[in-house]
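Written below as structure tokens is the structure these notes are about.
Read from first to last, the chains carry the letters A, B, C and D; within each, the first residue is number 1.
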Amino acid sequence: MSKLMPPAHPFDDDKLKEECGVFGVIGVADAANFVALGLHALQHRGQEAGGIVSHDPVEGFNSARRFGYVRDNFTSQSLMQTLPGPLAIGHVRYSTAGSKGAAIRDVQPFFGEFAMGGAAIAHNGNLTNADALRRELIERGSIFQSSSDSECIIHLMARSLQRNIPERMEDALRRVEGAFSIVAMTRTKLIGVRDPMGVRPLVLGKVGDGWVLSSETCALDIIGAQLVREIEPGEMVVISEKHGVESVRPFRPQPAKFCIFEHVYFSRPDSIIGGRSVYETRRQIGVELARETPVEADLVCPVPDSGTPAAIGFAHESGIPFGMGIIRNQYMGRTFIEPTEQIRNMGVRLKLNVNRALIEGKRVVLVDDSVVRGTTSRKIKEMILDAGAAEVHFRIASPPTAWPCFYGVDTPQREKLLAATMTEEEMRQHLSVDSLKFISLDGLYRAVGEAGGRDNNCPQHCDACFSGEYPVIPSDMIQKGFQLKAAE
Amino acid sequence: MSKLMPPAHPFDDDKLKEECGVFGVIGVADAANFVALGLHALQHRGQEAGGIVSHDPVEGFNSARRFGYVRDNFTSQSLMQTLPGPLAIGHVRYSTAGSKGAAIRDVQPFFGEFAMGGAAIAHNGNLTNADALRRELIERGSIFQSSSDSECIIHLMARSLQRNIPERMEDALRRVEGAFSIVAMTRTKLIGVRDPMGVRPLVLGKVGDGWVLSSETCALDIIGAQLVREIEPGEMVVISEKHGVESVRPFRPQPAKFCIFEHVYFSRPDSIIGGRSVYETRRQIGVELARETPVEADLVCPVPDSGTPAAIGFAHESGIPFGMGIIRNQYMGRTFIEPTEQIRNMGVRLKLNVNRALIEGKRVVLVDDSVVRGTTSRKIKEMILDAGAAEVHFRIASPPTAWPCFYGVDTPQREKLLAATMTEEEMRQHLSVDSLKFISLDGLYRAVGEAGGRDNNCPQHCDACFSGEYPVIPSDMIQKGFQLKAAE
Amino acid sequence: MSKLMPPAHPFDDDKLKEECGVFGVIGVADAANFVALGLHALQHRGQEAGGIVSHDPVEGFNSARRFGYVRDNFTSQSLMQTLPGPLAIGHVRYSTAGSKGAAIRDVQPFFGEFAMGGAAIAHNGNLTNADALRRELIERGSIFQSSSDSECIIHLMARSLQRNIPERMEDALRRVEGAFSIVAMTRTKLIGVRDPMGVRPLVLGKVGDGWVLSSETCALDIIGAQLVREIEPGEMVVISEKHGVESVRPFRPQPAKFCIFEHVYFSRPDSIIGGRSVYETRRQIGVELARETPVEADLVCPVPDSGTPAAIGFAHESGIPFGMGIIRNQYMGRTFIEPTEQIRNMGVRLKLNVNRALIEGKRVVLVDDSVVRGTTSRKIKEMILDAGAAEVHFRIASPPTAWPCFYGVDTPQREKLLAATMTEEEMRQHLSVDSLKFISLDGLYRAVGEAGGRDNNCPQHCDACFSGEYPVIPSDMIQKGFQLKAAE
Amino acid sequence: MSKLMPPAHPFDDDKLKEECGVFGVIGVADAANFVALGLHALQHRGQEAGGIVSHDPVEGFNSARRFGYVRDNFTSQSLMQTLPGPLAIGHVRYSTAGSKGAAIRDVQPFFGEFAMGGAAIAHNGNLTNADALRRELIERGSIFQSSSDSECIIHLMARSLQRNIPERMEDALRRVEGAFSIVAMTRTKLIGVRDPMGVRPLVLGKVGDGWVLSSETCALDIIGAQLVREIEPGEMVVISEKHGVESVRPFRPQPAKFCIFEHVYFSRPDSIIGGRSVYETRRQIGVELARETPVEADLVCPVPDSGTPAAIGFAHESGIPFGMGIIRNQYMGRTFIEPTEQIRNMGVRLKLNVNRALIEGKRVVLVDDSVVRGTTSRKIKEMILDAGAAEVHFRIASPPTAWPCFYGVDTPQREKLLAATMTEEEMRQHLSVDSLKFISLDGLYRAVGEAGGRDNNCPQHCDACFSGEYPVIPSDMIQKGFQLKAAE
């Protein structure tokens, strides 16, 4: 599968990847059409596959799950006509916590037929006790169809003693640990839940007489919906055409720990998180970076496309001119299978090309959002030097990424993370650049609106990938040998 | 066909479209691999289809022609292995001067078997006397297989009295009128030609011991080739492994008329034309625009992606901050078939979303490369106003587009061009914006390096789309009723 | 789906259809290759879809399930290489007892992961209490993935209290009612079971050091396996490389009721059932028919292809010459979508054509295997008369089909069966033929080797489709309103 | 290509293969639908590819050419709707006289745009001077698009000095040598031609107010058309809605030489040739065989399916019982790619299985239509002996095939023909059978209705494959080194 349906950004192998986006609508004609549009707007959260389940009073539940982009699948009249009704949910995914080999049965939403009717769920996040739950459920006689951690939820629901589906879902979710933002549906209800710490985003919107749930606000915009509010950490909303939005709190209250990397990279710049524009936050990171790590240079150049807002902020704050020194090939949606060894080494050129005339002879500040393995940073540095740059200074819009994420983000093993094994100076030497600076954790917290920086006693966000402080114990991974940061 | 393989940028219906890119390599192992890479880098010149012909001393000629993107077709080992040999040429196209219904037989390169061996040709441009030539050739007994104007060339070659293929090509090209940059091949030779006025680009590069011909320099970069020089207007180069590059001049000398729109929009910003960086030229257009048409405002915002360099130039010259007020969906490679009427009106949101937090309450300068029908400009203006902008000022990096191109660019009929029927002030009212200004023709000429502006007696470029002054009489079109600009 | 993957014999809509074939191999290299061959030989038992599961000590379980013919799917090296190992089972199906819309999740073998390891099962037959079982299992928290009755078995196994998989299967099968011949596998064992009455066939074979289970002997021939014996009614065999074939008897003994229609139509003529050649049995039916219902005629002509052996027997016994009066189009593997109303009426001509020169002026005996709805018989009669036959006499190699089958055969609703609503004479008039005669039930029993005919007190076979005497009460169907034959 | 689209009968590699079937209709609504049906009925004449061209007064010419079976391509409403109009022709082909690699541009009908309008042609047969013609045409400047000999005709037509298309076709056909039955069309005319000796068949039919041309009568039956007469050798018919059928004789008269192998194998048994039923002719061959080469045996068994009529005749004449000793797998439409060496040797079992119970202990007469390489005969003999036959006697319904055909039949090189290198007794030993007998040439002529046998001075048919007497000199082949039979 991976050969046929490679990740959208081969060159972005060197990025952390958000694993999923979720979207649901109730109370509009042809709800699945809205879901298709919403998933298209959330495609950056998962490019491998997508699925939609709809319900119609006459036709019942229908579903379609496909590998590939939303725009290539959920656009044909013939397919969309098989998904009628005023209620639908959908999911895009990058990959699951499951097995490597992608299979259509791993594509969400998952559907279960219960005694009192069917339900479908779509999950963004990752359960940290899924392995243990799975073993327990199999012991009791459940048959798993996928390798996904998310399937546990539907089996827990099937075995719940509660009478109605929302209560069964509460029952099930009290057994799971980890991060989850869930959009689910029954025949008449659209349901949204966020885990007690609210690690992953989920927002509520209004479109005409209908209601929308979405991972990000950018997907409200595409269907012309208005943002109502964010679903709160630990909140479950049950939305029906009859009763509107009802809110319950199934979990014990905990301090919120929203993923700070959503601000840095995952979310789209035109989304609003916690009342703040993601674009503006990123621009502000650039401003903070320019203040924390100034440098004499002739050109501030973003690593496209994610480094652009921070580069604009850096240029503005530093007074150094901003320019597009690296041009991205617009047609690089999927990988180019390099046919010969000779050509393989040209990899990065398939996606990026240096704007030689702009770079030549200049001292260049390259602004990127993060350094993961460092492989891409090295190649870009080489291209810039080949084009005749006088100096290369990397400025990174996030602190060093030194710890893997277990809450729904695809990260390499810890050993592969450059910052897990090197100091900043070692990394600079490894990349052979004139300077390499990361924004500080406090600077990042300031940029996301915490004027006083990080509260080290009780951090305002989940920043485990930078700090190694995991707000939920990753118990399955510890079982498999992962070692937490030693207490200091 | 058009339903299955829509233009890559549905939203860019409102752009002029370059119709073709050509690329050829001789003297390297597996030349077709290089051609695939080169075509990938030229994909912006034609997204509908692509083809490659290769020649191998043992396997002879082989070809593959496919609809869709290069990266989706010419990437599989199994296909590329059918194209062996040290000599290959390729072509990407948007659409041809032929019939509407796309057919694989219209996809270039075209191949002909002559008495002295086969030849393949790939053509960028358009022949203005193709209809007349076609009638004449059919009268003489030629069988046309495609609806393409370019096929005339191969039939003219077949009927030439000359002994070898390059001479037959000279013979044929002396009969055609219009714009052409051609890459062709025989069993042992790679051939490049530009029409006497050099309307379309063609450059010569060197990769290892081999030679490359390409529409643009950005496609040299991707294979690590060095730019040697441009093929000159009216020049034919015949390249063989034995004799290297030989240059002939088959045509009567004429003043060069390179397409000025290549600078404005068609070419990639990282290409070099006539020694000038396209990016830098576009930035300079922005500088000129800011000087010619200043405005009080709070934000300079590009219409992505083509307006970005001019917006950077405008911001720099005007001192108004630059910001990404419009965010482009990265996954919009092909069209999204809008499934319902209700959603159809949301069209533009599938591709672009406004960065509301940045725009709100601001006086915004929108910098775009051109206005063709004006349909897109209206929609963008509405989105910007919906997002709460205080004022909207359009600045356009080209003069009003008032005349169709007959030299290889897909333009709407004259009546559809906004500038053909309205004054600038009428256009401003039509778009309902606070101001609308275009760069002057002289300003554009200055930006492309003509310090003294346009020489109105003998313009240094082809600018027929702006001026209506056609350097080659479009005789087929006049036959069909097209009216030239009245002499003043 | 049904439009894309129509039944193989559109013209054979007027036949009863066997729903499944099963095949399994243990103890040979690349067992899945053998299974593919076996399923190809069993394709007549199910043309809609096929699936294979294999197990390899290193690679674990792998599966592939596809719509369409075995030869079109399970033949590519690339697919077969994904199914490694010395143990594999497979299934072909016509349609299931499930919902109308075919879905890949309904294609067997089904796989379940249990606490002690995985198992896969393939089922030929039909469970008559599946609806009730399904309701019970859902109440207990099982999640069904398919609409197939067979999935009940795997859920019952998952919930069994027994320790190993064969015992869990025994446990599960004691809860089901109806007809089943099952081929199943664990990581190390190949398992075969027949229901207590042995309604559907299942045979054991030997190939090299390995063992084979197959619905019919013709699939042993294709892989060069030797027939060992039939699995007995109510027997379960558990075959491992270590212990060879072990036999258990999980069920209370009952009189055997093998489906008599397997002799008449379902099984391939080159298979052996109960030591008798199916071809010879059918020829003998023709002999019996000629004795029971003699007629003066000039030509005995089979309705191809299934009527041929009986026609040969009839011709031999009657002394009337045998001839191929109806020629079958060899390329009629799948349906021809008739494009216009005008052509729709030509339906039968797409598959059959009359050999006019042979038929003209003759009194023709047409020998067919069965009459279901009678629609085909009418069309054939018309073709024969159009071709100039003097008389048409139908001789049918089975008794009137007056009752639906609930044991794994796709039959129309009772009202659609011609013999359910008409007497023999009414049928003759309905078909407008000179004579119409069916073999008697006793004659059929004699032909299958019961010299004394049918034992009406305890029939030696299941002949419910002729007699209405159902050996297993079809409880789900009675729940849905089906009325059994009134006691006489 | 050959791996993806193998011959329909892999096992029939050991047969001669007719290369093409042609069909055309004028004067009916949606003529292309009739052509699709006709081609389906002619599928046995060419399984590799098919094409249809239609003409509609409004929509002009349209065409569709596809690899694969008619029923798999020309059945979708969406495709057939692209082929409107009251006039259409079609073609099925096995392979052409062209290059090995199949390409869609080799699939007929071929279309040419002439000064006075377009024409399409479909050709059954083979031109024996195509190589020389092709060279000449290329010298004059024609561009060939295919590797097919038939394309010469359209280029000759394009260069004709005549004024209308039928006259241009006459002009062109006077330059070609070899065998041809052609169905062609202009905007208003359907044209049929047979070469002066009438080697390949072509018949005229009537359907409603319209007219039909077809290779065989079986394709008239499928659309309910009536046979009017055969097109005569050397006749051209030009059919228009206005003037009906007009007949001309463009060639010098010659003795007719209809291909005798059409009677033996190529044509469908339900077709009528020269007023004789093909089935009856084949049955009569069996009768002749039984008279010429009697044998004591217990069973006459056809090699399915082509040997059946002769076997019936042999059984009837000899009094030995007829039985289906070999059963054919109905699902063997295309090849089964044997995945392992071990299984490869089972090849023949994929298509045929021996009806062991019938064969065992018997002296078997196997009746086959021809022996080409002898490879299949050997395998069948082995299967029959493995099944326990006491004796195996081959009776062949044609004389020894000792010479290749150059008139539109795909034959192996002469060296590969068993009868080219061995005597009858050597062949018997090679096949290791108890006896092997072929019908005599005279016997064959008697069976096709020549009561006096073959006229050796001027044979009534083309029988070059048996006699080596070629009625048209195969000049291209002689150029390539083929040696004619030495004069005796």
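Assume a residue touches a chain if its C-beta (ideal position, glycine included) is under 8 Å from a C-beta of that chain, and two chains touch if they have at least 3 such contacts.
Predicted model only: the values in this text are computed from it and were never measured.
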item	value
Which listed pair, C-D, A-B or B-D, duplicates the contacts of A-C in over half of its pairs	B-D
Chain whose mean Cα position lies farthest from chain C	B
Centroid spacing, where centroids are CA-atom means, of chain A and chain B in whole angstrom	37
Inter-chain centre distance, chain B versus chain C - centres from mean C-alpha coordinates, in Å	62
Whole-Å gap separating chain B and chain D, where each centre is the average of the chain's CA atoms	51
Touching two or more other chains - residue numbers and ranges from chain B	none
Chains that touch, pairwise	A-B, A-C, B-D, C-D
Touching residues on chain C, where the partner in the complex is chain A	104-105, 112-115, 138-145, 154-155, 158-160
Chain C to chain D touching residues, read off their complex	8, 29-30, 33-34, 36-37, 40-41, 43-44, 47, 69-72, 75-77, 80, 218, 221-224, 268-270, 272, 276-277, 279-280, 283, 305, 308-309, 312, 316, 321-324, 327, 329-337, 339-340, 342-343, 346, 349-350, 353-358
